[in-house]
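Each chain carries a letter (A, B, C, D, E and F) given by its place in the written order, and its residues are counted from 1.
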Amino acid sequence: MVLDTGDTAFIIICTAMVMLMTPGVGLFYGGMVRSKNIISMIAMSFIAFAIVSIQWVTIGYSLSFGHDISGFIGGLDYIGLTGVGMEGEGIPDMLFMMFQLVFAGITLAILTSGIAERVKLSSFIVLGLLWTTLVYDPLAHWAWGGGWAGELGALDFAGGTVVHISSGFGALALAIVIGKRSGFGKYSMEAENITTTLLGGSLLWFGWFAFNAGSALAANGLAVNALVVTNISAASGAITWMGASWIKGKPSSLGLISGAVAGLVAITPACGFVGPMSAIIIGGFAGLLCYGALLFRVRKGLDESLDAWAIHGMGGLWGALATGIFASAAIGGVDGLIYGNTHQFLIQLIDASAAILYAFVMTFIIAKIVDKVMGLRVTEEEEYVGLDISQHGESTTA
Amino acid sequence: MVLDTGDTAFIIICTAMVMLMTPGVGLFYGGMVRSKNIISMIAMSFIAFAIVSIQWVTIGYSLSFGHDISGFIGGLDYIGLTGVGMEGEGIPDMLFMMFQLVFAGITLAILTSGIAERVKLSSFIVLGLLWTTLVYDPLAHWAWGGGWAGELGALDFAGGTVVHISSGFGALALAIVIGKRSGFGKYSMEAENITTTLLGGSLLWFGWFAFNAGSALAANGLAVNALVVTNISAASGAITWMGASWIKGKPSSLGLISGAVAGLVAITPACGFVGPMSAIIIGGFAGLLCYGALLFRVRKGLDESLDAWAIHGMGGLWGALATGIFASAAIGGVDGLIYGNTHQFLIQLIDASAAILYAFVMTFIIAKIVDKVMGLRVTEEEEYVGLDISQHGESTTA
Amino acid sequence: MVLDTGDTAFIIICTAMVMLMTPGVGLFYGGMVRSKNIISMIAMSFIAFAIVSIQWVTIGYSLSFGHDISGFIGGLDYIGLTGVGMEGEGIPDMLFMMFQLVFAGITLAILTSGIAERVKLSSFIVLGLLWTTLVYDPLAHWAWGGGWAGELGALDFAGGTVVHISSGFGALALAIVIGKRSGFGKYSMEAENITTTLLGGSLLWFGWFAFNAGSALAANGLAVNALVVTNISAASGAITWMGASWIKGKPSSLGLISGAVAGLVAITPACGFVGPMSAIIIGGFAGLLCYGALLFRVRKGLDESLDAWAIHGMGGLWGALATGIFASAAIGGVDGLIYGNTHQFLIQLIDASAAILYAFVMTFIIAKIVDKVMGLRVTEEEEYVGLDISQHGESTTA
Amino acid sequence: MKTIKAIIRPEKLEDVKAALEEKGYFPMTVTQVKGRGAQKGICLQYRGKQIVVDMIPKTEIEMVVGDDDVRPIIKTIRASARTGKFGDGKIFVSPIELVAAIRNDDEIVSE
Amino acid sequence: MKTIKAIIRPEKLEDVKAALEEKGYFPMTVTQVKGRGAQKGICLQYRGKQIVVDMIPKTEIEMVVGDDDVRPIIKTIRASARTGKFGDGKIFVSPIELVAAIRNDDEIVSE
Amino acid sequence: MKTIKAIIRPEKLEDVKAALEEKGYFPMTVTQVKGRGAQKGICLQYRGKQIVVDMIPKTEIEMVVGDDDVRPIIKTIRASARTGKFGDGKIFVSPIELVAAIRNDDEIVSE
């Protein structure tokens, strides 16, 4: 098939927009930590993006999209981008590679939630390289690269399992291995730069349009459907989370933006399969569920500090299931539970469960090994002084 | 007509960029209020966007673009997006719906200027829903949905009356109903986070390219014309406002960015009808006029706090008239006053006047009703403590 | 040739993204100065963009792209955009004009590095207008407008000499003419708002995709190549600079982002000519080289305050040479040194040397003249109080 | 010599400064602080519950002055900073034994 | 009257406030400061070298109180702010001669 | 015991700290303040008019020290913070009656 300039233009721009989400995650997280760790949070997002960029073009893309090996991983055909050309269906293969790169980058950035304010920078880099290679790449292969999940018929339009379940449950495993921040539960560790978080959230909302619509890989009706339901779900999640937190107390802006992100996460796997009115429900329920998950986490005294698990993990799980519930053949060719297709729902359940299990266990093992070999955590003094100074030798007024 | 991938790609991305303008307004405004209200300003923009998103897909789009009823409002044909499909001329109808959604969202965000630092959050939500339904939707219908103004031949390329006059004069009405901030005129209430305002202004300038060029609904010469004149007008407005304020004292960065916004507002209705050299004049005069309007407002002791009236209202009025003055048939098919077409100028005058009258009066009535029923304003203590704490239970260091 | 909606959509959006880089530079720089000058840095970027916008549409475009006069400068054919139409090859000529405008704008913004925290605002405006007319416009003509360098066969895909060498070496000349900041070398002047710098850097990285890919002027394979190598080089530069600074001390986030910018600068002239694996080397070496240049500058006691010379100047020089080294005929039709084409390398050397010489000397002369006529520098008191207050009458908490 | 420390509403700072200037008192050092008085801050009603916002931003002015200036300064601050409502602030006076300039070797020793 | 200036760990502020409230001591002024004690701040090990971070964020609480309240307040602050590790902070007590309200003309003169 | 409060130029803080360290004086508390002296701040000329920027950022250093340390510390601060131009700052000395540690029950009472 010949290249289409419209589709190519679309995916190039979408790639740039998704790239911007990675610093978006950094700002989003950075505003929620204590000011002494704000640089560290943002820098980790940049570092995640930088190392994944190199990992992806050398080996990651091949592991994810090389010829299928036992349904589990891709072969080494595309190592160093050999054989990834400028031809393709609608868009060049090389552009597809690049669009996938920015997904891999942001996923690692999301993961930093679980180790916020206490991780050793060098260990994060090693951990990150291992994680993206051993967790992200296989999951991407399963869903999109010809692996077992895609073969089984599991639907994941833009990365509900690959991006969100993986990073959300991965962050949970990390948080367990690394342990609580010192002082957690003893004194308050409230968000100190909420403006920064709201700015980061804006960039996320903006970029998510490209994340989801771009996953159609063409500027067509499917992309437009993804765009529309993405926005609806975000709005709906923002409103329900705000509403629920209003009943319990005051409607915080953090709740509002977290709800939007919850809605965005949940619609991610579904956006090429469900219609606008389903999106209201998916996003609305995501806001409630993720808020509930957050409260549960806090009650359990778990220091998965910036709630990647509650929002990305649980939101991603709900999104995977919701795809199996609300999918409509009129939109993406497959029907879900409400149209009587129990089968699809079960597939989604299997796929999500496998992703949860794999992401959690593998992350746990990797984290344990890194911890044993080089120590995952900074010393008590370094933590007290803050990572900005202790890891980067910097500090900032804002 | 078949869909065009280039046009579709274009409008999807433009939609995302215009979406980003809404938090842009929040940051722009947020930097200009006292730090104790910065979260509130940004959050209101998000809330505006969230509630309008749901209102638009359920009912707003239909009221604006449903079949015409007496030239005043659209019918209920598209309720819940029924009948809004993936076909269309160049771009899917659904995408047109979405592109219009982001316009409706930002308009409500602009309106928050008039109630800044003193509005009760719950009342703002109710007011916002009423306003977008009773003010924005009819005005959108008049201009673009088959209503009387469009029929009359009024030109409004990207929303001079619909977006800017409506929100600018609406904000003025709100400011009158809600009353001055306590302490207004007694002590200074200067902008406290100018960096944030400049950042917000940057996002506005960026998004405005999509706002205006995207209004061509196709990636064609008309879009390019809109792009070029938009930038020229912004630059010109920035320069004249800066120059004028320099003569009176020091050239503030707020003047610079306000001038740019004034230029952007004024070119909005005109950008599909006028050429580059006219844009220099339109933007340049907008900078002077809006600066004058701001000084006038301050002199009158009016607390339309963040100057939506001076910039969007008066800039929008000037833009509507300027369209009637500088329109050139070579560009948009219609000539204006300078080419001897008095008729068009009169139409613009009628259209703008009607929009001003309608927006001001309706907003006034809605605000009065909300005030009577649930109280528009926080208590004195809540205002003193700041809306961040009193409405959201949050505070931020920046 | 007929217009292509895909290409047109692509370049419109790219234009907007590159526009956003100009405030991006302002934020990037603004975070690195002392807080009393942060508004000034950001405002200068806006002012640069505004005045260049008007200069470009009135005269600059013509000087750059008008009919060639002796290989040195363009004629006055396009003054006031006469004759710049909506036809073109793939994209309208008018859009090409606009895409070039945003390049001219950001270049002047980069230049402000050399006069940071001490320049008189009025003098900067005069200097800026002279500089863009007498330095930028000729250099753009040489490379892209039919001038001698292009004729000679010099390769500069997206502006290594035109944008980066010119502003980098220009900033050096400015720094020498204006002199050190008072207190430079005596007490520390560290970055005070690193978050702002990281945000600015994010916008740069984002916009650079459009800067480089857009320079293909079409949504094609060449654009995709530019996109891919741009990201690789940025990542690679970030990693090597971080690594090098880690060896010397702590890996600062400023080093990380500076390395990314160094990689982005170096790949700019090369991105349409080299492949992914070359990009790893180009970016990686850029990180080391520019870091070395920075250390050298500091050792020499030179107050080119925000390192436009070290990063843009030296990075641009390396990029120009690297293009001559790594160019591959398979990608951009020309081979470089590693494929045995010494000739191309020599051309690159001549081109870069000429650009360095011209930019440095002309900037030096212009700066001297402006200094003589109106004084380039604020008074000692104004500098002590800070430019925000003394030049803009404003101050900000962040 | 005495040091007068006045804790006032931030929005009154300009008024207080102007009033002091008029009387010829210029030197001062100003700090942003937060505080609560005997009223425990500000009480907001929220759905029947009382929410206390107890740390309210205040501005602290410190002036080191001669003993005879204490009274007129207190009077001036009171006149310019008073609103009559809770939260107006407090003035504390304490002794200073020595004032030394840094620019030169001037010193004033309190007896 | 005395002024008690306590320099504590920022993360202990809520505990200290709560402990003081319980004892009935409300009025206070709080400032964000940085400081180092005799230990010269915090020592980090970095590749064998020692890096000293010498300016650590602290919170300063200032309370002007009657002479008899000094002891119980010190005790309360110690009880609620102590971790037992370096960096816990210091309490300084100095004399206040006059306390004047701004809201009205109330004054308390220390004898 | 005395408390020495020095108000200096922010850009001199590092020098002053280093000079004090050299003499063996470590403990201090530092606050960001703004201030004006008798010169009413800094005068800028703007088109023939004078614009006064009256609140200039300053750094306040507070040190509680033994009586005998007051003189050497003042000397050290003067030596390291002086530029000779207006705005160099002031040093205020006042009495401290009691210094109490928080980490343990150490106390020093001034006689």
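One rule holds in what follows: contacts are C-beta pairs under 8 Å (C-beta built on N, C-alpha and C of every residue); 3 or more make two chains touch, one makes a residue touch a chain.
Everything numeric in this text was worked out from a predicted model, so none of it was measured.
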item: Set of chains adjacent to subunit B and to subunit C; value: A
item: Path length in steps (a step moves to a chain that is touched) from subunit C to subunit E; value: 2
item: Centre-to-centre distance between subunit D and subunit A (centres being mean Cα positions), rounded to whole Å; value: 51
item: Inter-chain centre distance, subunit E versus subunit F - centres from mean C-alpha coordinates, in Å; value: 19
item: Residues within subunit E bordering two or more other chains; value: 31, 94-95
item: Subunit C residues counted as touching two or more neighbouring chains; value: 4-7, 9-10, 13, 17, 193, 196, 199, 250, 398
item: Chain-to-chain touches, reported pairwise for every pair that qualifies; value: A-B, A-C, A-E, B-C, B-D, C-F, D-E, D-F, E-F
item: Contact footprint of subunit C on subunit F as seen in their complex; value: 11-12, 14-15, 42-45, 53, 56-57
item: In the complex, subunit E residues that touch subunit D; value: 3, 17, 21, 26-31, 64, 94-105
item: Subunit B to subunit C touching residues, read off their complex; value: 4-7, 9-10, 13-14, 17, 31, 35, 191-196, 198-199, 201-203, 205-206, 209-210, 213, 218-221, 223-225, 227-228, 231-232, 234-236, 238-239, 242, 249-254, 256-257, 260, 276-277, 280, 398
item: Footprint of subunit F on subunit E - complex, ascending; value: 2, 6-8, 31-38, 40, 54-55, 58, 60, 70, 74, 77-78, 81-95
item: Residues on subunit C engaged by subunit B in the complex (per definition of touch); value: 3-10, 12-13, 15-17, 19-20, 23-24, 26-27, 30, 38-39, 42-43, 46-47, 49-51, 53-54, 57, 80-81, 86, 91-92, 94-95, 97-98, 101, 121, 193, 196, 199, 391-398
